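This report concerns only the one structure given below.
A, B, C, D, E and F are the chain letters, set down in written order, and residue numbers restart from 1 in every chain.
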């Protein structure tokens, strides 16, 4: 398989673990009682994964692994790589292998591929909507529990950029942190005292006043929360390139371009991962 | 917490395992580096989970566990039970506990609650759309890998019924099973020979001719795949109550009532789980 | 290896997990300190698994995997498939591979094969005892903790049928459920309201009076608990084919035929799994 | 709970892990669909575990944990400790707690307790049969895969002694080790060269000639395999107390006393663990 | 317990998992066969953890958990918090609880506490050696496999700062990356194209020429590898505050101050984690 | 790879598990974001693991597995086997495979190999220091939590012998056991009553008086704790070969020979595992 269009690679062990958990969930202890009772063990079939809608593909490695886990000799040939656009009705991949493996693995493979492609496809629509501006589209931590790495990967395949992966790899200071610390100075003071030199710091603000306060500190990015386009524009002007600017809150396909044109560096959108509909895919049998 | 409106209970160990995995995913090895650096360990806060949209709630136990895993003394009080409808702006639950636990657990709790409530809310809209008919709304195996039990639970909380949980707990015979066996007779013959007496058998058909063939066997349900309303009506008439009838394929909020009025017993809808948008929830701090 | 005579296939991942756990249990952290110290790493041997008693074989895949996990190049050739009868003194399988792997894996392979074949053999004796009647022999949930799927598989290989796999895949209503609900009507009413359409319902009764009450509901099976042959006969007559009948309690090889001749559809026997002696197998070395 | 009569304690984490795995196996993902649908969550019940046969109890901690895992407030009161004898019809323990927990946990608790008490009971019969001789009754590695520690514990509760726990904690040299090494001298030479000073060495012999050869080395025990009573007596005499003697192979309740009277120190019996019938236990409800 | 002096908190679930794994490793399946055989279950003892050397403490939470896992009622009182200095002979903590838990948990508790305190103590010596300069002491990824988070925590407790936690949370470009990419421009070009906005980039150089090349890019830090003090001084001057400077390679307690005085921002030292001797701690019994 | 010089083999599953855990720790969820962004997937490289110091190698199998887990086609050729001595600057092994795998796996491979070789090297120095005496050098349970088996293996590769692996495989009676039992007689009485016949018993004493008391029992070894050479000599004389003698406490490279010359059988040294500095190894790229 060619190199994916995504910005990072899913560790192979993570792919294997995700597929193994999904198959176990579907097989339980008795396995596929329909297929095992009916289909002869030596029967071989061929099928195509076909896209019933236009979109962007992500998750081919997971689909491939779903079939290979059940039949190590299965041949999975993808006609494109993650991050590529697919037309309605086009073939995503062909699989040839044991009929039992194709029948048993079908749903797991399509569940992964449909969900990740759905996220990549929605991301690509946002990316396209802001094309020509300098704004990049970013995801958030509003991901499906247990699937964050896969969903971040799909956003990346769709042309978006990844925000922090979790609470552990970057600092994002919010209102309630500041309140609990007794003020922005106290909060940031504690952070700068001992954080690692490779950890970035972003601070969330929801007014231009807060923004002024925050700009007194050498932070890496500022999150402009729930501001309208006019306020965002003013904020970007205030910042004057001293730090990265990220707009967040209430973003939709309708207003994303207007937001992008305010000059912000990033626009982060929870819906990319928490509300993207699956890409409609099917398995067409060719015997 | 009162008894949920769902048809089954999530095993407590499953809730614990899901919450623990989600928190680990978010905390990594360094933990919440923002909160731990800024917020004093003995600070106590109170917050409300508020719904920003109208919907049906599901997953309260998971939200509760997310906070309790971080602060065993946290008090989580829900104002309603899973399966109940919530108005836009209403309070879902209040939490009082360590500020650190509230800040660190917020995203995990809302990710669970938002996703499951989104599924319950969409299910409830379908259930309402067919009210007065005998049709019940069912989910499918098109679920998010690793979250099937939680998503089936959410469908149930929304008033839907559950299809089989996996390949292991009921038989569903499709085209390709029949083709691989060399005909419907051979396929069903093998099944009836030795299956357990508590395992039900459903067969998928996509034409009235196939339906006739299948009705010769004492099956428990027939899946009428991708038929229009007229054909469904005829199929239901043919069956004459000898077995349960399930309509599937191309169902939307627009056409679901028309399908229900054909007299089918069940309507199964993949979108309930693979494409439901999250319910928009927020954490409002009250100190 | 040919297709097993059992009614379902053990998922390959389940076999792998069971074998890996058993080997870890036997190897601990220091491994096989006898073999590793004494036997040269390149030594090759050949051995036969031989049955010291007459019986029915089950679990060949587990024995094979036990050796292959230690030596992926080992050749394991079985002379029969699961579910076939073996004579006293006959060869079950031959293994050729590294001497170390044969010595280290011997006990794990035989422990699996002996236990499962013991269950299959006992099941086969019951099946034979009722041959000619319509009664099928079923297992229960009285299985060894952690080994249920393997033991259900062995029952199936021995010609028996499987009862439910756990509390999750079928409903079995007992006395204490009914008492806690406040009566049979209340109990069944709650069940029929929302259970999935692919879930079967069985109810346990211990008198003919209870049986009459229960027959008012469209249940799938009735468990006739601890009734003598005369009562069973009367119960079967009362049911008149409206539902499946299962006899349970106090069944032995001595009385099973008498019970079968009462006309019940199923006879379930806990001893198949909780008290079957292992089939006596040995490893004969042939160098 | 009082201290058990067994020679070692099961680590608490091992008990918890075993119970958790067994409950997961029984609950699957949907949980106890019968109980959860029918029984009100606040219903409280009381029940007695009663022995339907005479025997020796082992595994109370596992039964207790099975109920407590489902209802942490459940009260489990045992009337005796592991290793004590129980009369037919006597109460083993009483449990008071949520009706749901009692119904859901019943089978898991009884499966553990029945199996381990079965092993303890059989062991006690052998121990009694040799009473007055110096022979101790020992188990082997012929245990149920995954349950070895529990089964060794049960043997100990029944008055037996434990052989090695696995391949890792003691050396047992067999024919095929010696053959692969090219002779007894080579085999033992390699062992004595570098083994840890706290590792014991036992060697299996099946003739008096082999015994003589082996006695030239400072081994800790000799396994006299498949010898009749006369040969055993002669072997014991030859050894003359220089090392421990263990008889093994073909031992039954009929011949165990005769074997014991040959003067051997230990008699090891695979059937203690691989073929002990469960002790027949039931849960009697008292509301 | 008071708040630790370390820069981050170990997630509680990580502490629990580490302790549980360590206890399992020590207990195996038979548990503490010495203590369980000899010590009565109700015996209570008290003991002090005492430091036999001067040093800095880290890992108190792990020691506490080791005892509490075995006796939930044990009282563990620490006289200081992680990061504090302890004198030779001083009491680190007192524990009162079941004698069995104290004897069984002693080694696990001391192994954690000794190792982490050893790392904290060595770090503190380096930190002290550079005091008054602006240089901070940092660890590397040269940690004990499986213990990275714990060891990074110990470095932090000793007054050091943490480098990246793994390959996943920051970019560090080395020679071989650049060579494989075909030059520094190609390498950094690919990185800047799509990396997340919260990911920092550091580049390793081993000559002043390479440094010049690298300074053309907006990187966050430069790793000056294996340079002597004179070269480091020149490098720091070249950089002129445009990016952070880190010295690495061949650092010892003898030369660390000289390196610090070159004006570098950070000095990273693998030996902090891969070669720190344990702090010598003992458990003194007080009954 | 040739057979290692160590006294036991690490079970292959244990090696695989350790490597997989270490790689997961280093890769997190996003993987090696530097390498994956910069290095083309089809790039192939070759490198040598070189020793920067003189020492004894241990852990080659772990290094090999670290690369193979990332690139199954990687060729790892070791120039020596575990337990062999390597000169400063000599090549330990060469690896050829995907550049990505070499860059990503380098640190994990070296962390394992450096740590285990450090232990083997320190052990070898002690072994050499006592050469010509009958004393063997043994490790203790003062190992890194989670790595005990690997570290015991390294001691063995360095020519040392292994003490017990944990609390489960041998008995070691200390002061506090005896005090809790109410005297040495009571303590040993309980042990001898029922321990398995393959479990050895060692007792710790810290005076010649205690030694006399202990010698009244048929124990396997006596631990002479913290005695000076003169006392040790007297103790050895008292024992007169009736049991093994082990010296422990305060052992260093300076005094170990003096201790050995007292005639003790074993000298156990915690520092072998808790304070051995890593062997300094590097990866030299050869393209």
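General observations
Here is the rule we use: a contact is a pair of C-beta atoms (placed from the backbone, for glycine too) under 8 Å apart; a residue touches a chain by one contact, two chains touch by 3 or more.
Since this is a predicted model, take the numbers as computed values, not measurements.
Both chain E and chain F derive from one sequence, and where they touch, over half of the residue numbers involved are common to the two copies.
For A-F, the matching interface among the pairs A-C, D-F or A-E, defined by over half of the contact pairs being the same residue numbers, is A-C. Summarising the inter-chain layout, the chain whose CA centre lies farthest from the centre of chain D is A. Mean C-alpha position of chain B lies 44 Å from that of chain D. Rounded to whole angstrom, the centroid-to-centroid distance between chain A and chain D, based on C-alpha atoms, equals 52 Å. In chain A, the residues that reach two or more other chains under the touch definition are 7, 25, 27-33, 37, 40, 148-149, 162, 165-166, 168-170, 194-195, 199. Against chain C, the residues of chain A that register as touching in their complex are 20, 23-24, 27-33, 36-37, 40-41, 69-70. Residues of chain F that touch chain E in their complex: 18, 21-22, 25-35, 37-40, 43, 45, 99, 102-104, 107-108, 110-112, 114-115, 118, 141-149, 165-181, 187, 190-191, 194-195, 199, 271, 274-275, 277-278, 285, 287. By the touch criterion given at the top, residues 7, 136, 138, 156, 161-165, 168-170, 193-200, 202, 220-221, 244, 246, 265-266 of chain B touch chain C in their complex. Contact residues of chain C toward chain E in the complex are 25, 28-29. Interface of chain D with chain E (complex): residues 3, 7-14, 148-149, 152, 162, 165-166.
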